[in-house]
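The block underneath contains the structure these notes are about, expressed in structure tokens.
Each chain gets a letter, A, B, C and D, in the order it is written, and its residues are counted from 1.
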Amino acid sequence: MNVIGDGLAIVRGDAQADRVVPPTGHTAWLTTFTAGAMAFLAVFALALSLATGRLAERWSNELARTATVRISAPAGQEAAQVQAAERVLEQTPGVAETRLLDVEEQRALLEPWFGPDLPVEALPIPRMIEVIEDRQGYDAEGLRLRLAAEAPGAVLDDHTRWRRPLVSAAWRLRILGWLSILLIAGAVGAMITLAASAALAANAQVIRVLRLVGARDVYIARAFVRRFTLRALTGAAVGTVIGMAAIALLPRASEEGGFLTGLGFHGWHWLLPLVIPVLAGLVAFAATRQAALRSLRELM
Amino acid sequence: MIELDDVSYSYGGGELLSNISLDLPSGSFHFLTGPSGAGKTTFLKLCYGALLATRGRVSAFGSDLRDMGRDDIARLRRQVGVVHQDCEFLDHLPVEENVALPLTVSGRDRGTEAANLSELLSWVGLSGQARSLPPELSGGERQRAALARAVIMSPEMVIADEPTGNIDWEMSLRLLKLLVELNRMGKTILIATHDLNLIRAAKQQVSARVLRIKDRSLQLAGADL
Amino acid sequence: MNVIGDGLAIVRGDAQADRVVPPTGHTAWLTTFTAGAMAFLAVFALALSLATGRLAERWSNELARTATVRISAPAGQEAAQVQAAERVLEQTPGVAETRLLDVEEQRALLEPWFGPDLPVEALPIPRMIEVIEDRQGYDAEGLRLRLAAEAPGAVLDDHTRWRRPLVSAAWRLRILGWLSILLIAGAVGAMITLAASAALAANAQVIRVLRLVGARDVYIARAFVRRFTLRALTGAAVGTVIGMAAIALLPRASEEGGFLTGLGFHGWHWLLPLVIPVLAGLVAFAATRQAALRSLRELM
Amino acid sequence: MIELDDVSYSYGGGELLSNISLDLPSGSFHFLTGPSGAGKTTFLKLCYGALLATRGRVSAFGSDLRDMGRDDIARLRRQVGVVHQDCEFLDHLPVEENVALPLTVSGRDRGTEAANLSELLSWVGLSGQARSLPPELSGGERQRAALARAVIMSPEMVIADEPTGNIDWEMSLRLLKLLVELNRMGKTILIATHDLNLIRAAKQQVSARVLRIKDRSLQLAGADL
């Protein structure tokens, strides 16, 4: 009994062979419903993974630009210290880029505190270097120590580091999403295997009769495999469509912050959940086939 | 057609059948009797490959059953029509489709055999039940349907286990006639029954041999039958 | 056939009655496994709900303290404008509390920008009022307009409003968690009903035999109900324990930010998932009982 | 004990049984014959409430079957031991537990009846199969186990549908003896069979009446039996 032949048999179909397997009411619904419910959950898990992925991506990007090095030094030493600090930063692993803020930028930063009329030029404002980190991030303590040694007037200010756990939480949430998809796939596989085994066990008489009249095992197995694969496929397709509709109907997150744009699929990501029924069909095919061959071996 | 060579069988406990040798030549007509639980059904199952002998060699159509794969067994079943003692059907299909099942399964076109099918159904008295489902049949009707299913393919051999247990005498004679007819066409017939009247009736029509299981072995029954 | 009697029969048990229902291998595993997998998922959904609930709570709290009103006015008018602004704020729905920052606090706020040596007193620093909002939040535009009218020197600065969609996203995530729990409960109910119906249909012979020898319907139904309820209970208990173990083993979110403390249960929340097997048992009891009574009515 | 008053039955098509009136008094012994498919099984099912008459009135132990709830039917089944034509068992329990099932279900203690049980099993020749599972039984052994199950509670009435279809003549006589014995103890017996030899053998031991289903109605068979 070869896999490809079985696969083709499903597509081709055989009205005669189909009739020999009884329409097993409750088990049929059980399989279809299970596949549907699991597909529905899978759509949500997928959406969650994608959304948290986007979220984590964004947060990482925003985080990357939030640290500054502030250099207050007597007028004469300022330029030298800025250079020293920039050198240190360049050599620090995890720092992607540095940029010295100009006066206008500093004024913009201070505006919330003093209003727009602040005489920046007149104030003893320190120079600031924006530190853009890469994905891995840098070692803040190490950087502080090196700065203290080489540019004593420079102070690393990474007060927005508190957002970092958020980002790692978002990444973890995404992993959780993928894990649940795996879990759901496993559960579907197990359930369909069990449902198929139950159906085969309940149909021991059918198998005995077919054997008695000279049906080959491949004939019997194919009839069952076809039945279950189509059921899982149908159920999963319906579940996926309902899941996608539910997600499309979910209230959008307000876009004002643009930070978390809700649980929807974006662009071509809408195609991703369509893989679910196909996968479910494949899982069902493999599961039923294996269950059928085992049952047929057991039932002498 | 079927040869048993020093065959023994045991279900796990003691031996049920011991050292049986027998040759069922093509075109022969055999009855098998013996008390209930003697091993008649077991013997028949050994003949058509539903059980494998624990010792000895059974060969059907020239090949050793032990060497046969599942597909070979399936092919053998198409050449041997079998009536089980507990007649089982596909309960969701009507009687006529059940009777035609051997044709369906072997991929033969049912259309060309339609006349054959309805003739057979009327011979076994099931014309009225052709569209009934098997669970709606009476006990005797089930046995008749099972016999019809066994002979629909005109198999080389027919093995029937107690085919008239639930059937009245007139109908039993009708079924016997069908089997005798097949035997005259050269088919091999093997029937397990405890109905001695049936055996007597058959002996008047064909030269049937009567085997009896006694003390775990096979004897040829005497002229008293 | 009364519900309480059936419930008691499950607890009491009846070794004799149990034996009359065959051990239905595959269906048994199917039920147990389904209950287990679903309980596992339910534990995660519950943890997600609780965690996002905590997250939303915290974010709300932090958000509540992030807006300020900045008043820059000529020296003589400052006090009057501060009073006017405070009056406006008091009358604004959604504002829980206001607090005028003192010099030290302002210094602390400006430290990141200028270093600790800033001569705050010498600078023309505006006064600041911290605005603490309540759950609902206030209408920022309306507040701005009223401030412009009544305290022209006052500027509302709610630049951290961008976090607001995050909070609503967290709340939505929590609702999603509860929804999935409901969905899972519904799916479990449906699956167990179907599995029980399938088992009953597969055991038509058992029912016929029991009827033949004079067993009452309640006797037959109870045997099945007991079997399925115990299976669902066992499966759900195992699934819950595994789920809780998985959550306990999940890497903790770093506590440094204290912002999202991961997906774990906290304190007495660890007791919550223990409700899952009980609920699963109840669902299985109701589902099987209904399936059994219907099947027995159908099977004449 | 059982009374039928102008009873008709149809499975949906034409009437299978028409206007049958009959009284089966307590302590009587009846045989029921007729060709396969005549309606014997249907008639028996009407008597023990597995089917409800489409017209007319059937009463058992004085109460109308139409007025009975499911629990009343269950109670009736404990007073009437039934042997179905297709003997069904709980396939996962050994023969002895199956035979004792009526005791189990009615909550009676099997312990006190243990001697009774093993005696019964040995009478029907199943001592060696007491621990076997039903699917391991031969056809005749199943019928004997079913009969043993029907009589284990010493019911007021025994209804048996073709109980010797798969059983050899010696064993059939043994089973008949059991039923005759019960009848002598005052129990009512009703047996459907197509085995005329069995009926003749019974008539030599008790005064049995023979009913025949013909043309949808019930006749008393003549002295030819």
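Basically, contacts are C-beta pairs under 8 Å (C-beta built on N, C-alpha and C of every residue); 3 or more make two chains touch, one makes a residue touch a chain.
Since the model is a prediction, treat every value here as computed from it, not as a measurement.
Enquirer: In how few steps can one go from chain A to chain D if every step must land on a touching chain?
Expert: The fewest steps needed to get from chain A to chain D is 2.
Enquirer: Following contacts chain by chain, what is the lowest number of steps it takes to reach chain D starting at chain B?
Expert: Shortest path length, in steps: 1.
Enquirer: Farthest chain from chain C, going by the mean of C-alpha atoms per chain?
Expert: Between chain C and the rest, the longest centre separation is with B.
Enquirer: What whole-Å value do you get for the distance between chain B and chain C if each is reduced to the mean of its CA atoms?
Expert: Chain B and chain C have C-alpha centres separated by 67 Å.
Enquirer: Could you grab the centroid distance between chain A and chain B? Build each centroid from C-alpha atoms only and quote it in angstrom.
Expert: Chain A and chain B have C-alpha centres separated by 62 Å.
Enquirer: Could you state the distance in Å from the CA-based centre of chain A to that of chain C?
Expert: Inter-chain centre distance comes to 21 Å.
Enquirer: Quick one: do these chains touch in a line, a ring, a star, all-to-all (complete), or other?
Expert: Topology of touching chains reads as a ring, each chain with two neighbours.
Enquirer: For this entry, which pairs of chains touch?
Expert: A-B, A-C, B-D, C-D
Enquirer: Spell out the residues on chain B that touch chain A in their complex, using ranges where they run on.
Expert: So the residues of chain B touching chain A come out as 70-71, 74-78, 82, 84, 88-93, 97, 101-102, 104-106, 149.
Enquirer: Within the complex, which stretch of chain C touches chain D?
Expert: Interface residues on the chain C side: 16, 19-20, 22-23, 205-206, 208-217, 219, 300.
Enquirer: Show which residues of chain C lie in contact with chain A when the two form their complex.
Expert: Interface residues on the chain C side: 24-27, 29-30, 33-34, 37, 40-41, 44, 70, 72, 109-110, 112-115, 117-118, 123-126, 155, 157, 159, 161-166, 168-169, 172, 176, 180, 183-184, 187, 190-191, 194-195, 197-198, 201-202, 250-251, 253-260, 262-263.
Enquirer: Residues of chain B touching chain D in their complex?
Expert: 11, 33-37, 40-41, 85-86, 125, 129, 136, 138-141, 144, 161-162, 165-171, 194, 196
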